[in-house]
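Shared between the two complexes below is subunit A, which has subunit B as its partner in the first and subunit C in the second.
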Partner chain A sequence: MIDQLSPSPDSKEYNFYFGPAHAGSGNFGVKLIIEGEKVVRARSDPGYLHRGFEKLMEYRMPLQNAVLSDRICILESLNWNLIHAEAVDELMNIEVPERARYIRVIMAELSRIQSHIIWFGVFSKATGFDTGFKVAFGYRDYILDLFEMITGGRVYPAGYICPGGVRRDLPENAPDRIRKVLNKMDEMIDLEQLENSTLHSRTKGIGVLKLEDAIRLGATGPVIRGSGMRTDVRKDDPYEVYDRFDFDVPVRKEGDAYARYQIGIEELRESVKIIKQALKDLPDGDAIAPEFKKPRLNAKIPEGEVYIRNEISRGEAGMYMVSDGGTNPYRVKIRGPSFLHMIPVLEYLFKGVQIADVPAIYWSLNICPADLDR
Partner chain B sequence: MDMGLIPTLFKNFFSKPMTVSFPDESIPIPNEYRGEHQYDIDKCISCGLCSKICPNRAIEMVEAPEALKDDYPKRYPKIDIGKCCFCGLCQDICPTNALTLGKNVFLSTFDSSTVIKYPITKKEE
Partner chain C sequence: MASKVESILKKIDSRFDVEVKVKRDNEAWLSIDNENLIDICGSLKDKGFVHLSAISVVDWIKEGKYEVIYHLWSYKDKMLLNLKTKIDREKPAIDSVIPIWDSNAQIHEREMHELFGLKFRGNPDLAPLFLEDWNGPPTFRKDFDWRKYVRENYYDKNNEREAAYYD
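And now, the complex of A and B:
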């Protein structure tokens, strides 16, 4: 299909590949048809990171799937853990302890912060600000240290948020250390807000996505909020204990790369706010439902189907799970938020832009090839 | 007047670097860390739960070498670290705490035969 897009021999157009082995694109390719310096049209070329999670999950028990669900998106594994755990909880009718719900929210928000920091890092790199990339990854490591202390792994928590609660309770000194790291994050947000004219000229008015186009193309999360729609699953359809916290949903009307970048920074502040409230109200008690304290091999999932949606840093993520009453799910369908951002939205935004704007637009969408291909 | 990056520049002149100079110093490894497996054959009751729960099928129950069959007549876990994803489910399910995940993070090797951990090491044989 991609070859059908090739320009004819006598035209002035030529092919230009952005990715799939490009340091700035992740495992994802975009084929650009260029005329001079201008992109005439673009074609997304996904599939380089396909690992077949939907099929793999049909052969594993929920506890093993929790471990697998880390890897749907490497950059925010805990959020995917949470989606999977919620789907199983609902199918199995598990009463999740109050403390576990709070820990889940704290971990999901920490994961969102580090994902947004990566976004800032790669966006800086895409717009030619290399120091931003290095500073962002330095600050992200403070959160990875927390993950290592709480879950036992820096990047992969190995199903820390599992069906029934969380696999381990927070260590005793965790709340204090989280607060310390949050202070560091405030520092990071202040650094992110240092802007200069280069950033403005590379992002303002670039890659404008109007609200009606955003709705038509199915954008969610920071992309549609950057175009002016106030929508957030945490507010619209609260899960876990999000309805108890006071936070705002940042919205901007411009719809350009700069607006989306600003949304990312403002969301960091909101996440810090949520974690501070959650730490203040953190109740005592068990961190996991009693029936899941010890892993069980014969736990059957009752017959039924469920669709869970969550707000992760890239947009709205979903998981549809069907069970026929066995120990493994019968069918799992994963909705990655990047799918619609990387195919219809990206192809639409690339039409008629300059080559130099391609990386800025690409990274302003906060996309992850891992959850597109899954 | 907007000072821009000047205050940050001065701050960074007098602050410590974010990284540590490995290998002379390294960041401390927390107690919860999931590293290399530690296996105690004398605690093991050969229930085989670890091999059943392993999501990557990295654990296989094998018999002890002929010379030690009298002491160890049952089947014991052989762990393929190359397949392991260090999730710690084997540690959680183990009823006698015979299998735990330790703190060793230095698992890179040039010798592929050392990737597989046998329940009884060659020295004991």
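And now, the complex of A and C:
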């Protein structure tokens, strides 16, 4: 097993590094063993973003951890906020007000949209379509503007979704502005539908993941849906108020890079649908539970343990939180979807492909080194 | 009427010594003896728990135990099962569940080996994931105080900026 790292001496194999200091890979490295133009085997090399959140959270109170949870994944900080808040809510038995639950869903879906937009951006770049990259990042800014208006931060909301609800209510003009931005998203999806022969030849039939392999390797989210499994935590095990909305779970059978990309596009439309419904039904009332209106710094977390699962744009995210009755959690375990997608799935898919296909496969998995390393 | 989760658990109950706590209609927490781990995991997988969501470890230092938790999900029954088992803190070794969940289990075990120093019998590849050139103790153990470790190994008491970190 360890020998995977080096080429065998009596062959024509050699080492080829994809990342970690490569603009096309993020803070993550893959060591490829190459023979000619073909990848013989691959070995993921994580650790460049390991910040030890699980340990850091043991030293801090939930109020501080809410802010810390932003940073688990840079690209979808609000979703990680939500997971942390749900874990604390369940441990402390907090009744979250209806309005807060709707706002949480709206924010989580907006965050999913901007995360998927980044995915198209980097995927376009990986397949040689630079305009797509610029279109995507340009349109993402509309959503960042919304985040700035609602949470105060463009990328990091600083614990906007906090235990008990959300830190502050939506501004009065927010629903109208969100609707306007959603219209822009429809416009962008049309621009991103880059059905041309270049995209097809670079993604169709590339990086095929069969369903039984997807299950065996622990794939979730768009990756397993691209291989033909209809599963989505929002549908199967609804959290917050997702069971009240009407939306579809897009599925494709092919399991290649193109199928995963198409699922991303369709999921954008579904997210837009969810936000429109949530804005329509948005109830009045408080946005945070009464006991959290004033920050309670030394509130004890009752003894217990929870495992929370959420569907974030990359797949299934989880948080296991244990409390021994103190003010800080005793142990926090974070399960990031990219942990499975970037190590077992990636190593499996890279076996036997051409070097030129490496970026397309890599980015078709919608990965984020930050939630792998934590 | 017995809930869905109870009817599934009944089949396992009869054969092994299992402590069950049903939390919601589709969520249960099981405490088992680590000797039965492989048998129980095998029968759970046959019942549809094909997705191993995560493996967590909790360091119960006062009790002198590590608790290993397997978070399982059944796509078929849409059910979450958390399987807990305790092992001795002095001899932290447990059977690997690779025969059951394959590569998915392998990578989770490799992570837990690095962060807690647990040995997984039968796992062929427990190379470090995150920490490069790390020779200290496993970092997530409760008796590893990283603040103290940094002070002792990296900081200088006579350095003006770093002196603030000493009492």
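The rule is short, and it goes like this: the second predicted complex is superposed on the first by the 367 of 374 C-alpha atoms of A that agree within 3 Å, B and C clash if a C-alpha of one lies under 4 Å from a C-alpha of the other, contacts with A are read in each partner's own complex, and residues count from 1 in each chain.
Basically, contacts are C-beta pairs under 8 Å (C-beta built on N, C-alpha and C of every residue); 3 or more make two chains touch, one makes a residue touch a chain.
Treat the numbers as computed from the prediction; the structure is a model and nothing was measured.
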Ask   = Between subunit B (first) and subunit C (second), which, if any, makes contact with A:F16: first, second, both or neither?
value = neither
Task = Report for A:T231: first if it touches subunit B alone, second if subunit C alone, otherwise both or neither.
result = second
Query = Who does A:F133 touch here: subunit B (first), subunit C (second), both, or neither?
reply = neither
Query = Does subunit A have more residues touched by subunit B or by subunit C?
reply = C
Request  = Using the touch definition from the top, say if A:R309 reaches subunit B (first), subunit C (second), both or neither.
outcome  = second
Query = Which holds for A:L68: it touches subunit B only (first), subunit C only (second), both, or neither?
reply = first
Task = Classify the contacts of A:M149 with the two partner chains as first (subunit B alone), second (subunit C alone), both, or neither.
result = first
Query = Which residues would you name on subunit A as touching subunit B in one complex and subunit C in the other?
reply = none
Request  = Flag every residue of subunit B that touches subunit A in the complex, lowest number first.
outcome  = 4-5, 8, 18-19, 27, 29-34, 49, 52-53, 55, 85-89, 92-93, 101
Ask   = What does subunit A use to touch subunit B in their complex?
value = 60-61, 63-64, 67-68, 138, 141, 145, 148-153, 156, 158-159, 167-168, 171, 191, 194, 196, 294-295, 297
Ask   = Touching subunit A in the complex: which residues of subunit C?
value = 26, 29, 50-54, 56-59, 69, 71, 73, 75, 78, 80, 82, 101-104, 106-107, 111, 124-125, 127-132, 139-140, 146
Request  = Would you mind writing out the residues of subunit A in touch with subunit C in their complex?
outcome  = 1-2, 46-47, 50, 52, 54-55, 215-218, 220, 229, 231, 236-237, 305, 307, 309, 316, 318, 320, 322, 330-331, 333, 335, 339-340, 343-344, 348, 373
